[in-house]
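As written, the chains take the letters A, B, C, D, E, F, G and H, and residue 1 is the first residue of each chain.
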Amino acid sequence: MINEKIICAGFGGQGVMLMGQTILYAGMVEGKEVSWLPSYGPEMRGGTANCSVIVSDRPIGSPVISNNATSAIIMNLPSLIKFEKDVISGGRLVINSSLIEKKSSRSDIKAYYIPANDIAVELGNSRVANTVLLGAYLKLTKILSDTSIMKALHKAFSGTKAHMLDINMAAYERGADLVG
Amino acid sequence: MAIVFQKTKGLTDKETHYCPGCTHGIIHRLTAEVLEELNVLGDTIGVAPVGCSVLAYDYFNCDVQQAAHGRAPAVATGIKRVQPDKVVFTYQGDGDLASIGTAEIVHAAHRGEKITTIFVNNAIYGMTGGQMAPTTLIGQKATTSPYGRTAEHAGMPLRVCEMLATIEGSVFVERVSVDTPANVRKAKKAIMKAFQCQIEGRGFSIVEVLSTCPVNWGMTPVDSITWLQNNMIPYYPLGNFRKPEEDK
Amino acid sequence: MGKVLMKGNEAIGAAAIKAGCRFFFGYPITPQNELPEYMSRELPKNEGVFLQAESEVSAINMVYGAAASGARVMTSSSSPGIALKQEGITYIAAAELPCVIVNIVRGGPGLGGIQPAQSDYYQATRGGGNGDYKLLVYAPANLQELVDLTQDAFDAADYYRTPVMIVGDGMIGQMMEPIEFKEHISRFALSEKDWATTGTKGQREPNIINTLFLDPAKLEELNFRLQDKYKLIKSNEARYEAFNMENAQIVLVAYGTTSRIVKNVITDLKDQGINVGLIRPITLWPFPEKAFDNIPSTCKALMSVEMSFGQMIDDVKIASNGRLPVHFYGRSGGMIPSPDDIIEKVKEVIGGAK
Amino acid sequence: MAVKGKVTFNDDICKGCGLCIAACPLKIITLDTKKINLKGYHPATVIDVDKCIGCANCAMLCPDVVITVEKL
Amino acid sequence: MAIVFQKTKGLTDKETHYCPGCTHGIIHRLTAEVLEELNVLGDTIGVAPVGCSVLAYDYFNCDVQQAAHGRAPAVATGIKRVQPDKVVFTYQGDGDLASIGTAEIVHAAHRGEKITTIFVNNAIYGMTGGQMAPTTLIGQKATTSPYGRTAEHAGMPLRVCEMLATIEGSVFVERVSVDTPANVRKAKKAIMKAFQCQIEGRGFSIVEVLSTCPVNWGMTPVDSITWLQNNMIPYYPLGNFRKPEEDK
Amino acid sequence: MGKVLMKGNEAIGAAAIKAGCRFFFGYPITPQNELPEYMSRELPKNEGVFLQAESEVSAINMVYGAAASGARVMTSSSSPGIALKQEGITYIAAAELPCVIVNIVRGGPGLGGIQPAQSDYYQATRGGGNGDYKLLVYAPANLQELVDLTQDAFDAADYYRTPVMIVGDGMIGQMMEPIEFKEHISRFALSEKDWATTGTKGQREPNIINTLFLDPAKLEELNFRLQDKYKLIKSNEARYEAFNMENAQIVLVAYGTTSRIVKNVITDLKDQGINVGLIRPITLWPFPEKAFDNIPSTCKALMSVEMSFGQMIDDVKIASNGRLPVHFYGRSGGMIPSPDDIIEKVKEVIGGAK
Amino acid sequence: MAVKGKVTFNDDICKGCGLCIAACPLKIITLDTKKINLKGYHPATVIDVDKCIGCANCAMLCPDVVITVEKL
Amino acid sequence: MINEKIICAGFGGQGVMLMGQTILYAGMVEGKEVSWLPSYGPEMRGGTANCSVIVSDRPIGSPVISNNATSAIIMNLPSLIKFEKDVISGGRLVINSSLIEKKSSRSDIKAYYIPANDIAVELGNSRVANTVLLGAYLKLTKILSDTSIMKALHKAFSGTKAHMLDINMAAYERGADLVG
């Protein structure tokens, strides 16, 4: 039974909100119970941004993830410091090692270091680092099928953002391959 | 080597929370410098608004009261009537002063309340994320004027100085900008004059400062300055709208 | 229609438009800005008008004018903004005008903070306006309910000619979860608003919208009429969800965001062999007093769980009328109760109640 | 020019906004893309120290009071 | 014999509660006559204020909403935005409009709200028993300025037309008086023009009418008229402050 | 000092000045105008300042500024005016500023009327501002008490750093009865207001008066502090009068004007051999819950008698906690309960209770 | 003067304020101190009917729309 | 034991409020329990004014006099119509017969007809009609001693009103004599 509680965190502008929403959408498409909750407030503007995503087979009580995250996708150092402790024992940390030199200090959780920005730059746009991490995360957890994820990516990069679809698909694949 | 510019004692050591390039910081500094130069920091009570400058209480090196949204002039009135010997100023944004706080600013002027208002007009609601202000320009997009402001729907932008200058109790009304070093210096002179009017017990003084909001305008700080010059200054002409008799 | 994903604040706007709301008057305040922003984008496409008022005071009075013109109209704000609307709200209640008012509550008192809170319970249920008036108050706990209740709110407002308030918090307003917009069918038979000021056209006596009655007997008459209406609402509109009540050793009372956390707690405690029930008021006023008549005999205590410091506890006490001890757990100022803390408190009380 | 100035930047609190750069008549300020300060910004710095005339235009436009200016 | 003056259909048959000689009655009549003459009574929604004219809803022969104190322009905005094809007007006193309702009137003007405001300036709070208004004159005694208003304490009286005329959305701003038959006729013309501006969709229009309050001024009705002429008109000059371009 | 005759509204002003109040900010509204008018005459003679604000909103914010300057300051209004002050009041409570707020209640809701009413009980005790705050609320029933409590209010406000509200109605405000102004001695040891913003003089760190806390933990801290203060007030300040409680068959609960009428009723019924008790809350918040612990066993029922439609009844129910049935008699909108009607209702209940 | 007017007062609703008296150019209106109307006021009345020129000045100033004016 | 509940009523300007306050003051001077309650509101301005005065040996509950007035002093016709019914059986009506032609329709109460305005005009000032009625009323009820009443009149007509003392004293005497 799936009951994934994911924190996505990074700088404002790194696309953590969108990353979370992509999981959310894919989860909905697949008929799972899902919720997405952003941090909000004036501090969003400059500082860190994060959101909590839950994908579950059971109805979701609270969308709040306090200290019971099953996974965290971490895009910058402050977020690692802030959220590392909130992952349950046996949980997962997916870390953007391009920007975070520090290693996880927890031995009871699995940490994966993905050079997401480097890969993104390789692909031609540093802004797809989030999708690289997303690829890695979803490959690791397999909580959602590829079709659902593809649908979600198509949805996320449609309309005025359609030109970003291909590169994000590529980023997603690269991320997945890294942990494959 | 002589120091020609250094941080004023009118500011505390706290770093501001303002976005990079936000000219709120310049306006804070000018106000603080004037208070220091007038040697009244120990006798000053500031009133912080609700808006991006709500945390001004952390930055000005004097006693400060944080007021409800738009009510800074009323709070300042309460302070000044109890402590007529003190220097009292409000620092307010355009949402705070020109929208919700319209009655309060008009009546502070009407009563000739002996306070000074620093009015930061950035043509937007900064703190809440870029909604339309009464001073938002025609055509300007904001999160609550997503298709650009139109006169038909929301009227022409409000010119506060022009309005307040009609009120007898306003003894000093000037609009300045902080887009160039020269204008920054002029702005400081106006702020100085405004506080002097208060200290001389003449009445209500206000300095409107055209300011940028790079984040909510969606521009770089430098482009924001240019936008201010090309769009705001033409609609909000700089200059003095009212000053004491002898200075005319 | 399939499910869609929207932020709660935007979902309110979408639901309102589907319910025929064409006018929105508001003033920016976090954490509800997505609602007016949504309306500013969408209403013009729907032959409606979004207008940003100069203040909350002005916004609620624009609502008065629009509602008295017969329109479906809405405003929204957050805590201090709602405080400013109190005079306007009592006028609307007194003039018996239908409208929908949204409060996305933030931490208080004063300017406070912008994180989720429920400390405007009194404000919603007891009012801060003057006089004996009431609002019908909905407190949805998830986005589907938020959407359904928003649509219902417009019908109820029209039917009872009363302002309806929807109370949420930043979490409800900011979160996304799947929503289905069902076809909107009113559960009320609604009649023409022949009382509205739409111009006499020289065809009828003037319609007057008014709340002044210098003759106290006349004013009392209005009050009698209002009280009758409130009695009707009380008997028809109280709603709640009872959850896991069977064999409950303790029944928690919680609404909105807090009730979601409490449900998690209940599931967790069930795993530990502890039976905890939940009464979740869906209407804060009328408070679902009936729910307290069906508490199982296994239950030894009640506990109000709030993101406030004991506001709903009044109603829990009144509803339970001394039959059970009433305990309390609450956080405030934007702090969200953690499941662990609630569990601890529950265990403490159950221990004590044995 | 005989006038000689000196500017000192308090790197730690610079937000890299670039307003000083635009304000300097001699265009001798730039953002130091090699440095990232504690706040996460590339701080402003002077390229050609000797050219500075101590006009304080940079300081006038700096919203964060990063710059101290001295003059001979 | 031809009737040259009779009661307008714009008024109901209810006798007013106004004190003897109170010029509110004249201003009601003029407004009602204009509505009748424009043939818009059936398409008009009036907004009554809180003040002596609160009961205006009983007197105007059209739909009326009674608004909270000072908020008539906001209520009128709500009405007009829902019913842009209707004629909407507010009738407000100086306490209502120039004190508590300052923000609402300024922003109705700012938005260029297509409504008409009849502003009755009697330099006092009539209904509540004679307290000082923002328009109370210097030296004038009121129950809350028992020693006479002073500029030092309460500022110089507020000139509303002068202030509102600075706002772009105000398309018609005129101050009139009802102290003589000639001025009454002029007042009616101004009110007519104001409503026409609304009907033509031009923007916000306001007519300020200097009015008496014999009871709270403590004078006979006739002396009140003289006092108005000798004291109010000099400070509140009659005339037009703004009108549509082509009329200039 | 001998006794003097004054209208209640003026007596408040005189008492306030004697208690050291030197600043008054208000806005006219019936039926409290005699108070600001008195202040406008008398404060200038006492080196104080009376200022008529442009609105109630402005007045309460002037009070904020003055209170934060360390002054003893007062404002007053009536029902809809108090509704407008709600945001300001929650700010004052949150900033922990001392001040005195008078509400001379009139009939509501909306603009309502100007005759006596008590329908702002919720407004006073539950607030309409946002957040978890409370006012200390005094409800004097005669002019001597009005004067004494007004003076006390300034001390209590300073001591607890909290806004204090005095609730009366037009009858209390307009009537005259003999008053004695006693020498004012504070029952609290009051300390210097070293937190006030009076200018640093370069001698201390800046004082900051503030209610914003973006960090919810900080905001909760403020709330914990406030709750501690409210607990203290609850245990120290609840006041009531118990009247004719011995052998009472029924105990009426009434405050202010209504309690005076109830006292007449009690005397009349005593003549008829019926024993009726009265609990008269002098503080509406904290509500004198203890008074309900000493109800004699002869008593079979409680009855809340109000000039409102069942607002205090909440507190009566909470205080009596289901021990006795709680009945209600109320009038509204400016109608004053007549002794006869109360007597009839009492007899009906006693009959039913037997 | 050839112009001939006629004024009719609705006595019942007159408040005896005297504004019409002051407004009449011919000073032909007065308060009828012998009458007291239902409202308790001495209503206004014309002393010299024939002099009326129907200028309606009285009606212009009457706050209570008491007067109807006719003209030949 | 005294428990007088008096309604004073008339046109605004006839001095009914002052009349009530004079009784109030005299009662206080004499150590009685007293209260005075005016009608108030916008309607005061033109129309009728009235006040309720209670003088009692026992503490006063409510200052409201509803239908239990022991006396009413009535200065004009509308007031007679309004308040006649509120006087208890056996109570008193003191009526200003100068302005009120109508007689009381109640047979269970004692009505006294005092031509107060005529007497006042005789004395030289119609504005002292209230004091004439006061004289009559107090003589009739004897609820207060002459000294107290004199003190009250001195208090009422002091300062800027001192010139009115003598004529009011005279009016008081004339009123008293009429029923003496």
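Assume a contact is a pair of C-beta atoms (placed from the backbone, for glycine too) under 8 Å apart; a residue touches a chain by one contact, two chains touch by 3 or more.
Just so you know, these numbers come straight off a predicted model, no measurement behind them.
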Reaching chain F from chain B through chains that touch each other, fewest steps: 1
Interface with the most contact pairs, given as the two chains involved: C-F
Chain centre separation in whole Å, for chain F relative to chain D (CA means): 60
For chain B paired with chain E, centre-to-centre distance based on mean C-alpha positions, whole Å: 33
Averaged-CA centre spacing for the pair chain H and chain G, given as whole angstrom: 39
Separation of mean Cα positions, chain F and chain C [Å, integer]: 28
Per-residue multi-chain contacts in chain B, two or more chains: 19-20, 50, 54, 66, 68, 99-100, 102-103, 106-107, 110, 127, 134, 154
Chain F, residues touching no fewer than two other chains: 30, 51, 54-55, 57, 80, 87, 91, 95, 110-111, 114-115, 211-212, 214
In chain D, residues with contacts to at least two other chains: none
Touching residues (chain side chain D, partner chain B) in the complex: 5-6, 13, 15-19, 21-23, 39, 41, 54-57, 59-65, 67-72
Interface residues, chain F side, partner chain C - complex: 57, 79-80, 82-84, 86-87, 90-91, 93-95, 105-115, 117, 119-120, 122-123, 126-133, 211-223, 226-227, 308-311, 314, 317-318, 320-323, 331-335
Chain C partner contacts - residues on chain B that touch it in the complex: 50, 54, 66, 68-70, 95, 99-100, 102, 125, 127-129, 131-132, 134, 143-147, 153-154
Chain C residues within the chain E interface of the complex: 23, 25, 49, 51, 53-55, 57-59, 61-71, 73, 87-88, 91, 95, 197-203, 206-212
Sites on chain F touched by chain H in the complex: 3, 5, 30-31, 114-115, 170-171, 174-178, 257, 260-264, 267, 336, 338-339
